[in-house]
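By written order: A, B and C. Residues from 1 in each chain.
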Amino acid sequence: MDVQRGAGDVVTLDDLMTQARSLSEDIDFTAVTQWKARAEGRKAIGHMPTYVPRELIHASGMLSVGITGGGDRLEIIRGDAYFQSYICRIPRSTIELALSHRLDVLDGMLFPSICDVIRNLSGMWSMIFPDRYVHYVDVPQNFDVAVGGKFWRRELETLRTDFARLSGVAIDDDALRASIAVYNENRHVIRDLYRARSERPWIFPMSEVYYILRAGNVLPPEEHTAMLREYLVLAPGESDRRDQDRSRVVLAGMFCEQPPHGLVLTLERAGCYVVDDDFLLGLRWLQDDVTTTGDPLDALVDAYLNHSAMSASRYAPDGDRGRWLIDSVARNRAEGVIFAAPSFCDPALLDQPMLVTALDRKGIPHTEFKYAEDTGQFAVIREQAGTFSDSIRLWSEA
Amino acid sequence: MSAVRKEDSMLLQKQMMSDHYDRLASAHDEGRKVVYTFVPGNLNELVRSFGLLPVLPEINALQSGLRKKSGEYIAEAEKNGHSEDVCTYVKCDIGMLKKGNIGPTGTQLPKPDLLLLSYTGCFTFLKWFELLREEYGDVPVAMLHVPYQANGRIEPHQRDYVVQQMRTEVIPKLEQVSGRAYDEDRLREMLRLSARAEDDLVWTLESAKRTPSPIDAYFGGVHYIGPIFSAFRGTQGAVDYYTALRAEVQERLDAGQGPVTPEGPMGTEKYRLVVEGPPNWTSFREFWKMFYDEGAVFVASTYTKVGGLYDRGFRHDPDHPLETLADYCLGCYTNLGLPTRVDLLEQYINDYNADGFLVNSVKSCNSFSVGQLMMLRQLEERTGVPGVFIENDLVDPRYFSAANIKNRIESYLQMLDQKRGKAA
Amino acid sequence: MIDVFVGIDLGSTTTKAVVLDNDGNVIGRGITNSRSNYDVAALIVREEAFVRTRFTLVERSIGVDAGVISALERNLKLQQHLELLARLQEAMSMLAAGPKHRGHAGDLKTRLDEIAAGMEPLARQHFAAGATRRSDFFRDLAAADYMHLAEQLADPKHIAFDVLCGVFDAAILAVENLPVEHAFERHIGAALEATLAEHPDCDADGLRRAVEEARGEELVELETVGTGYGRARLPFPKEQIRSEILCHGLGAHAMFPETRTVLDIGGQDTKAIQVDASGIVTSFQMNDRCAAGCGRYLGYIADEMNLALHELGPLAQESRTRVKINSTCTVFAGAELRERLSLGQKREDILSGLHRAIILRAMSLLARSGGINDQLTFTGGVARNPAAVAALRDLVGENYGARTINTSPDSIYTGSLGAALFALRAAERKAA
């Protein structure tokens, strides 16, 4: 199976995965450098995980670049000097990337309000790089359009002005609506992929989806959308992919510091189909299409207030903390939940007891372990996930 | 004489606390309602203007630490599935709840009638009250999102956002719970009392600019901020407390005396230190002793600013009640961006003529801790004054390694000595 | 009569002492394993350093004749060893007669005497001319010999091996915690005769005279300063205790005057210290509560691999493809190592990665303390490991450019040297 790309360019799944893998593992951000070199004066804005309004970056002609730490390939030489041992890994590897000049390709950096660590990192950034653009993106925790909405619109206006100044391109409403449409399409295809994977997880293994999604950190959204589409065509063409009757699990806790690829592989080898997850949640934070008519900032505000993904770092006004997880288990016919949270991740680990309570009330099995982005040893996780997978299959057969 | 007067303010505070917890214990029987809320940016005057009684879970947690109960509470929370990695204030509070919710003075704490989630400078607050909401069932929550001061200055739209939340979220829920209407005149009256107490607090903290300092602005300071940061701001009781405190400190100042420690008046002041970060509560006295035994006194502290930077000029303003409360919330120390925090510490080191500074880095509090290693280097570079870095925790006794901490402090003070050429 | 100034560094693994003369010259050094009784450790190490001091006096009087003096020292060590061996046998006999062994006291005593009888010739072999010893500590040598003999002589039906081990463990503790005094004065006679027999051509009269003078010399300990991990438990008044940070800084400065940064990796902690041109500490950082990446970690790895500690470095240096190690957590060291080995990774490649990981942790402490702007002196037990030194050179070069890195075979004495210098300064100040 292959797909035609442009004039006579034939792509196989292997080719696509090689490409996606190298994009997601490239700690030198070569793709961003290349993108900038393709035209004069191009700029790129980095952002930490979870939500930032990438549409505004796109509308100003800049590239938004997702920074999700250094993974398990980056050696931390300078980053540890900035953080105590009880702080998670992602800030130290991000600092390492910056101090080793790998992020020099970025013209600015956004820090969304995900937790105190990322928040304070924004201040460290502005002290280390006093000449670079740094912005702390304080998303609202009040979901009333007249209150939190008004505040958020004002924040978006600030970003609009800042990006226009950085790029030299004023962001008019038409451009912003066009960018919204581009990201709507990207989110749409990601939703397609998640739906397809939930239906036939053996066709779309998490170990591949991982790379395909993560490539979206560095690709322009149009190219990422194309890659997702190719993957949706190519993966089902692999004749050796059959249902192996594994247990269906939802993964939770990975919305910020990303697990190493080896961990995902380990879960699959231990007998799990991942049918939903909160991996790279920022790519699909807005869960419905954003309106492309009317005032585009109002549209983004409405999408954030009313159609956002639930995450540990978002306040749940209605109090039903575990509902999204229960819904996901039901929607995806999952048999259990694996909580895989980064060590020292306050939001995920403080959230977990509430989610566990919600699952227990419904009798949904779960297991939990911690990882770090540079975890290199999976023996214990393999054992634990294998036991869990076996036990929930026994449990569902009984 | 001064030792006796010192006892006066201490006893006064103790009595205030004890009366408060007694009132809390009988609150529900007497038909009074209770609001749980957090110390930084708390809306104490607003809460009390509705006749509601505040409960501050952080205060309960630190009191549990002082009373050596926190280890047991934390273990209880961890047994119930709370991670070893996360904030021990939260776990201490949850553990206390699971073990019957007996407060620091031995009386029963009432269930909350409202959780006022003033989300100021600390992400964990949000999870904390979500957890309490689960524990207590159907308790209403009023969420007050206070935007972060990344650039260290309050933007008008941030103030508007906070005021609007008070009008649309906080006040309606306080009205609902209390059954009373919002009474702005009453609020103004309380804010007037706040400002009076605040004047005396600032005077007390700034007395440490004198040599020798009549106070320890950290280990003593945490007592001095007690009434104003917690349940008593805006009351006549707080005004009286600070009047008494000021008189005591004035007396020591006049007599050229140093701070009073748990073992009596401190010896000769040898080192003047500034400190960043909260103290440890489980071994509070042991930790303090490591300093006063060596003649080290803290002259300024950032922890005593988590409930407001009064020494930088802020006062509650009765003429703009909601706006002043918004500014108060926005301006708390942990809600300020790191560059602003470094600026403040630099000013303290200079203004208070410090010989050195301590960073007491607590595992529990990422809001304080993340970036402190960088703050240390920045401050050393800017001031030329050497700092020392200690790792610690708030209320987790497992994390207080006395030998390790003492070793560092000793090494550090000997280094200061050596640098001054006092010793060999 | 000569004035001496003593520095004692009570570390987590070893206790060291340095003796200085009036001019600040090192005239004696001693080292012993730290033990439960810190007072005794301090007494023993001081005695060791005084013994060496008297040898220095011999050298000063007859000129340095390395062959003869080292033979004399070796023979004296043999005498000390034999003395301890006798104490060991005595202690074992008492234990054998105790209530614990009532049932088989006679058999046990016979076995123990056989073992003790076997240990003496082994001891003589250890200290024979040209022999190499795996350790200079009585505990290590005696334990190896004892276990070797006990394995041969144990008999599961009567006296089992573990019974013999139990007796040894109890006896060695008792022996170690007995102070030894005047070792030179008491043993040098026998050592001298043995040495003269080995070196018939040397100037016997000159040597006898020099030894007699050294034996009769009164060493006046004017000042003593204690330091190290266990310093608070040294039986010294407070003004005679200095932080090991200050002592390391001053000691490194004395050894390498151009030092501006000191890295010390010991058993339990890692220190990065900045000093000024006169050896005064200007800033320091220590590892946090977690002891990952300290010397003890290498100890666990060595145990896990069934290697001696000093074999780790050379093996690591055989690596051609280093494995990337992300965690140097002591708690998980064993499990992680076993998993890596089971994945087929080579020991040398894993070790190479481990050494780099340890030095990476040190690099972050160095950065926290202010970086490396001039000469760096690397001290502590881990500084004797060639793979650790090589990893440090690589990483310093990559991050700070060309920097002089000093190491010394005597670097284990850095802290005690600094302490002795503080003792000397204190005496000078009092005199002034």
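Just so it is clear, contacts are C-beta pairs under 8 Å (C-beta built on N, C-alpha and C of every residue); 3 or more make two chains touch, one makes a residue touch a chain.
Computed from a predicted structure; not experimentally measured.
The highest number of C-beta contact pairs joins the chains A-B.
Averaging Cα atoms per chain gives one point for each, and the point farthest from that of chain C is the centre of A.
Among the chains, the centre nearest to the mean of all shown protein C-alpha atoms is found for B. The geometric centre of chain B is 48 Å away from that of chain C, both derived from CA atoms.
With centres defined as mean CA coordinates, chain B is found 37 Å away from chain A. Averaged C-alpha coordinates put the centre of chain A at 53 Å from the centre of chain C. Residues of chain A in contact with at least two other chains: 81, 84. In chain B, the positions touching at least two other chains are 373, 391. Within chain C, residues 288-289, 368 each touch two or more of the remaining chains. Against chain C, in their complex, chain B makes its touches with residues 373, 376-377, 380, 386, 389, 391, 399, 401, 403-404, 406-408, 410-412, 414-415, 418-419, 424. The touching residues of chain A, when paired with chain B in their complex, are 81-84, 86-87, 91, 113, 115-117, 119-124, 126-128, 135-136, 138, 140-142, 144, 146-148, 150-151, 154, 312-313, 315-317, 319, 321, 341, 343-347, 349-354, 356-357, 370. If you check the complex, the residues on chain C that touch chain B are 229, 232, 242-246, 280-286, 288-289, 368, 370, 422, 425-426, 429. Residues 80-83, 85-87, 90, 117, 119, 122-124, 126-128, 130-131, 133-134, 141, 143, 145, 147-148, 150, 157-158, 160-161, 164-165, 168-169, 337-339, 341-342, 361, 363, 366-367, 369-374, 378, 391 of chain B touch chain A in their complex. By the touch rule above, chain A contacts chain C in their complex via residues 72, 75-81, 84-85, 372, 374-377, 379-380.
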